[in-house]
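To start, the structure itself, in structure tokens.
Chains here go by letter, A, B, C and D, matching the order in which they are written, and residues are numbered from 1 within each.
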């Protein structure tokens, strides 16, 4: 009785149709709820940072070594912050082209938020036990799962006709591939874990952001050339 | 001297009337404040997740069993995340049809937010003591209370004339029943607690989301058929 | 060279004037930043709730008494939630009539947010040490300070010409008095502390919300009669 | 092939161009995401405040001295709250003149948010170990870094043509200098550390806010004179 669009709620009314200004507010609420979860998850990372207990009247050296001991946690903070930031930026970019919602898209989005909000936990673990291969694997898989759902959302939205009209297949695929690249690198880099150890893997992840950047710059002419 | 609408503040002015753009901003502030509380409560769930202390140089097995010991807490995280997510989605849906505010609606909404923001506490308890019947009951009742206030808000808004015109009685009742269903199942499932134990109850709750889903799909034709 | 309005930034442009759509966004950013701080402070209250440690395999009675021991903290949670909620509602109401910003108003608002964000700390203290008169005093003064700045902001905005035109003096005073009433009751009730003890004071605070409510209902005819 | 504006996304469409209403929402999402991170970081400061453990039935004196021992942390709370507040206000002010986004601006903004969200950690450290020169230095450098990125963002936006047209060079420089002043004072004041000790430095920081204030008032005629 209803085509694939029957569940869809767009800005200019749904079924049963709310007034158009409401439809816009619905869309905004979903985006701002998502933004809030991203923002809280990214900011909660800091509460895992904890200076070890110091003696009553610590020497300067004791303070310095306590600060040094906290550096792996600061590294984990920066890595997770950059990853969540990249994921937020990807979310932001995807929803420039998604103009309507349906209940499946809301559910997919909620699953992503659940995985994003989970990240402070593996971050705390890797900050404390970054030398444990199992912890490194749990961290990589957690962050990859949170990332993979993004392009899945994008592909779903496109198939369900929730994106704005006129997107070329090539552009849709480009966005999806770009979205899968970060989680792939995170998990893929685990193959060198047995050979190079946990530190090499963690340092390797630092390359994700600049590589993404270069990819974006290199691919932009192709991207815009097809519009 | 004043009918039931005397306290009401709608988008196009109240009493004393603010400018119409202000009225819209008032409405948005209430929604975004609500969204923020939902988003923070849902994201704070993660800070209860804590890996048990490990020895200085733990073996891989020690790490694995520490991770395994944290699984009930991850389960509780997922369950509460899904429940708050469902409640947020219900809130979002209700306010597609509520177009005006009054002070009673604001108060009801604030009570719901207080119950939503409380959820991280029973979640932490059930994550740690999920085998204790009393804790399971406290958890179920807390989440049910947070849910029950939602359809009450909806029924109040409809009676007070704060919903947009033209909603059929049948639709209003449908939304209310759907809203009561999650809390009812949460509390109702407690009857099997003495027979089947805490684990069965907790696993049973996992069925809430898919059941809701099927209900929604099955009932949609009826719903839209009456518009 | 500049009148009192020289610093003011209103929705339709300031000095140097941003585009009008920007001015509206400026105003919204300030409101949403405020809402976010209120929402986070109100939601952070929950992380102070902590079940005492239980033995490995606790009896039902041990669980019940642990839950009972946490009730004063739940009471403190509810009290602070209601107070922050009332303050947020007052903030929301005030800014229905404030249509322009200046730097002093932003500073006053920031001071209020700093005092609101501080509330989880005295709440944690009174939850744990609610029988200590000094803690009760610190709690009452902290919450009163966070409240008192609200009507001060209102009076400043009115004097500086930042409210929308046409507000009667009587209405302005009415809003201010209503705003001062909660902090006054909180601090004023401390006079019975030496006689009736800490519990009486805390229970007395529960009357704030219903009293406010009755006041609002009783005064509304007067209020609207002067418009 | 593309000028400096090729990456830019403005309110009236980008490349590939989203619909104009979307472009506005993109801009808002970035601002609200930023506001949320500022708001969460500023509100998380409070969770570092912790009353020392008290004996079972503490004397009034024991409570008073526990409260007194927490004062340095309250001082640190106030100082960091004021600093983040100032930075938020500067961010708010800058984005009154920035009307378009590009990916570099988003990246710079994200780096600033990462540094802002980090502030609760040095705040916790200085609250507990404010007498340690090394901690004071880490605190000052952390807050200065979070501040310095602000005017860099501003200068980048101006060079990349993302600010609204018609800003005078003098105004752009004025905003940049004002932005650099807080971090400069924070780090510069460290030169008196060896002579006057940590307390003098911390008390000196309290002067930042009123000095900024006077600067703003004094310079406003010059500023507006050039518009």
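Annotations for the structure displayed:
One rule holds for everything that comes next: a residue touches a chain if its C-beta (ideal position, glycine included) is under 8 Å from a C-beta of that chain, and two chains touch if they have at least 3 such contacts.
Because the structure is predicted, anything quoted here is derived from the model rather than measured.
Chains that touch both subunit B and subunit C are absent from this assembly. Among the remaining chains, the Cα-based centre furthest from that of subunit D is the centre of B.
Homomeric contact subunit C/subunit D: same residue numbering on both sides for under half of the interface positions. Spacing of subunit C relative to subunit D, judged by their CA centroids, is 25 angstrom.
Computed centre separation for the pair subunit A/subunit C is 35 angstrom, with centres defined by C-alpha atoms.
The set of subunit A residues that touch two or more partner chains comprises 32, 36, 40, 44, 47. Contacting chain pairs in the structure are A-B, A-D, B-C, C-D. Interface residues of subunit C facing subunit B in the complex, by the touch rule stated above, are 11, 24, 28, 31-32, 35-36, 38-40, 42-47, 49-51, 54, 58, 60, 63-64, 67, 77-78, 81-82, 85, 88-89, 92, 95-97, 99, 164, 171, 216, 220-221, 223-224, 227.
For subunit A in complex with subunit B, the touching residues are 1-2, 6-7, 15-16, 18-19, 21-22, 25-26, 29-30, 32-33, 36-37, 40-41, 44, 47, 103, 106, 110, 113-114, 117-118, 120-121, 124-125, 128-129, 132-135, 138.
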